[in-house]
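Before I ask anything, let me first share the structure, which is written out below as structure tokens.
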Amino acid sequence: MKKYAVVLCVFALVAGTAFAGGSQEIVDDGGLHGSLTVATNASSPTFEAVEHIIDLFMEENPGVEVEYTSYGSDYENLMKARMAANDLPDVFATHGWAVNRYAEYLRPLNDLSFASRLSPSIVDTVTTDNGDIVAMPITSEQSGIIYNKTILEQAGWDEVPATLEEFYQCCEDVKALGVIPVYITGKDTRIQANMMDIMAVAMLITSNDAGDNAERLYDGTFDWSKWYPVSSFITDLVENGYTNVDATTADPIYTSEKLAFGEVMFNFNNQAMITDAWTLNPDADLSMMPVPGYKEGDSQIWIGGERECYGIWKDSPNMELAIALMEFMARPENVEYVCNAAGMPSGFSDVSPDLKLAEEYEKYSDLKIYPYFDREWLPSGMWATMRTIGGALTAGEMSVEESCSTMEDSYLSLMAQQ
Amino acid sequence: MAEKKKSKLKTKWNWLKSVIAVIIAGFFFAPFYIILSLSFKTRADRTSYWLFPSEPSFESYMYALDRGDIGLAIVNTLIVTVFSVVLILFLGAIAAYPLSRHKTKINKFILSCFVGVMMVPPLSVLVPIYKELVSMGGINTFWGIILITVTYNLPMSVFMFSNFISGIPKELDEAALIDGCSQFMIFPRIILPNMGPVISSVLILTGVAIWNDYSFQLYVLQKPKLKTITLAISAFFTEGSTNMPAAAAATVISVLPLAVIYICLQKYFVKGSMDSAVK
Amino acid sequence: MKNSNTDIRRFMQSDPRALTFLALPAFALFIVFVVVPIISGINISFTNWNGYSQEYSYVGFDNYRKMVSDPQVWTAFKNTLIYGFGSTLVQTVLGLAFAMLLVNRFLFRGFARTIIYLPAMVAQLIIGYIWYFIVTYERGALNDIVGLFGVAKVDWMSKGTRAVLIIMMINSIAYCGKTMIIFIAGLESIPNMYSEAASIDGANTWQSFRHITLPMLLPAMTTSLVLNIIGGLKMFGLVVAMTNGGPGYASHSLSSLINNLYFANQQAGYSAAVGMFSFVFIVLVSIVLRKYLEKKEEQYNG
């Protein structure tokens, strides 16, 4: 009997700790009170930087408790489940999907004081068709291709390749040095999708012979055989041996070390990857180059959009607090702090952080910034199709023609859903 | 003389058996050796996975305990696991008793429903369950995760308990009934005292499954204060940068309690599997 | 009134049907968290829902029709069969061999038992990641060993069929400890007198194994078969950690495909349809298994 008593006691004790809810005393001093949940997928160092800003906010408003969490690579799945249940965090990161995925759940921010300060090149990417600004980009992205300056020199190039042809030539020269020209981590097919997403803009939108592709993509009459060069970009790299041998199976966890220790020339990722590589090897001679033009005479371009970007859930029960937090985060010194920590350009026109890559961006400052292909010219849901064909193309399990018709099928069915 | 010879032969064989057993164990331990050596490396260390670092670094362990909050995660995981397992054992045992003792049509139906649950891939019903829990207010609560966990682990305990109870002679029940024992008292008086071994094996099997659950915990326990071990480990995997040594260190820390419990319960565990499997 | 009260009391006292009430709490959980979500899943499978919006429309049997001609689903189905039945076979053979070796007492027996069981105690995703480090191309532990013999590095997971077989083997290795424990239990329950009698009758080791040990192990065998087949058919974490379904979609299991369709492809309706298919399939397998189990049980008791 004694034994049972002991078991019962232990059980009661654990139960007590498990279900004890803290009751908070509310003191009314005229300030803000309550608690707020903020969710993101940011990783180090952006996460720590935003966390710091939020700590400052709590210092300024002692009555407010903010719970800031990163869900890393599970974030998107979790947010989808939460949207389905219409139960979202008060403030959450929109990671490039503010308009196409989250808009339905976001509160327009046009009336907030920082709305007019958002940088004009970015604000469109967070504005819906009705003109609602639905998210606040703290950092923005200005991406092209990550490359290693030292290897570029060793391969005998003074300038980064400006056209696709030059890019292939550069790969050939780099390969001759015994360095992997393009590093693909195809275990997570996001990388191939990203490569096509970037190249598709140069090939189908900004090229001089793009014609009316953009309009046709919007109205559903696009001729998908024109996708051929985009898919070929992947197969060309693989077939010419310009990629790592394990392009289909390498895990993205290896990307930063490969970049950090100068074992690869090009990688299609954003600045955050360079920042991470620098934590492993501060001397890594890495930089970012614009996307080469498709044909001779086509201009190079940057791909960009919002990066660490937050929106407010339109049904948030803590609206007042959420707005206060957003206004606080938007203060120039706070935006600058996050941008510097992350090594990313800002989303505000009045904040220009001190970037390690500033020289590079300065050099190509006259180039235009375009959004990612799928975010602007494809219906939501095509990203997954691009991942599927990207993986299959790398593995040689799908021909370029098949990939075009897969894109077409998926495009037509998603357009029909809209 | 013959006896002696036989035992000598046996010792000789035992010696060989020991060698084979150690070789097999070595093979099975290799993956754990890799994770151990990885956990003592720094992120920039790119030596072969087989090489133990010459200067083991405890940085990852500090990082895992500090940033990853593994200590808190272990407490949370313990809460979820202990409560779920107790409920699973209790509900499973009292359900298994009638279902296996009286094979009426309705009992047979209920039993096959339970076994059917073992077949449901939890991922295919995850979002409906999530919506249901939201409407019940069960998100970010221990009771929410415990209810779901219990539901999806109960079938295994019902399955093993009912196999076990089928093996206890029915005559015992009948004798007790004749002695004036209420049929509801037969279970605690006659059946339960015999169930020690099978309880310990269900305890291990479900305990391990719950300790390592990921999908349900990810969706139900979203607050950092509620995170469990698997969630803490997965937090080291992010799109931009993945801290593998820290993930490895967190794994090592999280497996230790289980290994200790297993070694303590091993004796009973084997006996329990025997009785439920062999009837 | 009084009469019906005594009826109830008698019913509760001695009618075995009353005992079924004991199963009610468990059954209630089953209804709330299994039946209701499944019904909702069936409902979703007839829509074009993207998995997060509040808006969607019904599309009839479109999703089911699409499934029939979708190579992804058939590949995943084929792989699931390999993961389920292939691993069960390997696990049973390995588990039985280890059990035979480790059933009697000798030096290091307990140690070996513990180590062999160890992988079964670690989360599948983690086991998968550890093995990923072993079979990966770059700095892979297996390639390091192969390199010692002067063989060129191999990208083990780059071919679909090979990747599927490797995942199947890893699943078997990771969980053969469970099978071993069940078999050890079975072996320990065989009375010594049987094998002694056999050896007096002049039966050799193989004969006594074939005609005495194996039949006596049948119940243990069926238990482990049920657990292993279900475990293999529901495999998810290993696939995600080892290949993420790749190359292409060649190594997806039904579970990992369902997850991928739902969250990555935003085809919740279609994913639910595949989910229903996989559920029905696993239930069918379980019915056949249970029939087999019951038949064996009768044989054994009779």
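Remarks
All chains are identified by letter, namely A, B and C, in their written order; residue positions are counted from 1 within each chain.
Operating definition for what follows: contacts are C-beta pairs under 8 Å (C-beta built on N, C-alpha and C of every residue); 3 or more make two chains touch, one makes a residue touch a chain.
Just so it is clear, the structure is predicted and the values come from calculations on it, not from any experiment.
Among the remaining chains, A is positioned farthest from subunit C, on the basis of C-alpha centroids. Simply put, of B-C and A-B, more C-beta pairs touch at B-C. Measuring from the averaged C-alpha position of subunit A to that of subunit B gives a distance of 38 Å. In this assembly, the C-alpha centroid of subunit B lies 15 Å from the C-alpha centroid of subunit C.
Those residues of subunit A in touch with two or more other chains are numbered 81, 84. Multi-chain contact residues of subunit C (touching two or more other chains) are listed as 51. Residue positions of subunit B touching 2 or more other chains: 46, 127, 131, 234.
Those residues of subunit C that touch subunit B in the complex are listed here as 12-14, 16-23, 25-27, 29-30, 32-34, 36-38, 40-41, 44, 51, 98, 101-102, 106-127, 129-131, 133-134, 139-141, 144-145, 173, 177-178, 181-182, 184-186, 188-189, 219-220, 223-224, 226-227, 230, 233-234, 236-237, 254-255, 258-259, 262, 268, 271-272, 274-276, 278-279, 282-283, 285-286, 290.
Within the complex formed with subunit A, the subunit B residues making contact are 43-44, 46, 78-79, 82-83, 86, 126-127, 130-131, 134-135, 139, 142-143, 218-219, 222-224, 234-235, 237-242, 244. Within the complex, the subunit A residues that touch subunit B are 11, 14-15, 17-19, 37, 39, 41, 43-44, 67, 69-74, 78, 81, 84-85, 87, 190, 252-253, 256-257, 260-261, 272-273, 276, 279-281.
The part of subunit C that touches subunit A in the complex is made up of residues 48, 50-54, 132, 136-138, 153, 155-158, 160, 243-244, 246-250, 260, 263-267. Within the complex, the subunit B residues that touch subunit C are 14-15, 17-18, 20-22, 24-25, 28-32, 34-35, 38, 46, 48-50, 91-92, 94-95, 97-99, 101-102, 104, 106-107, 110, 112-121, 123-125, 127-129, 131-132, 147-148, 150-152, 154, 156, 158-159, 163, 177, 182-184, 187, 205, 208, 211-212, 214-215, 230, 233-234, 247, 251, 255, 258-259, 262-263, 266, 269-279.
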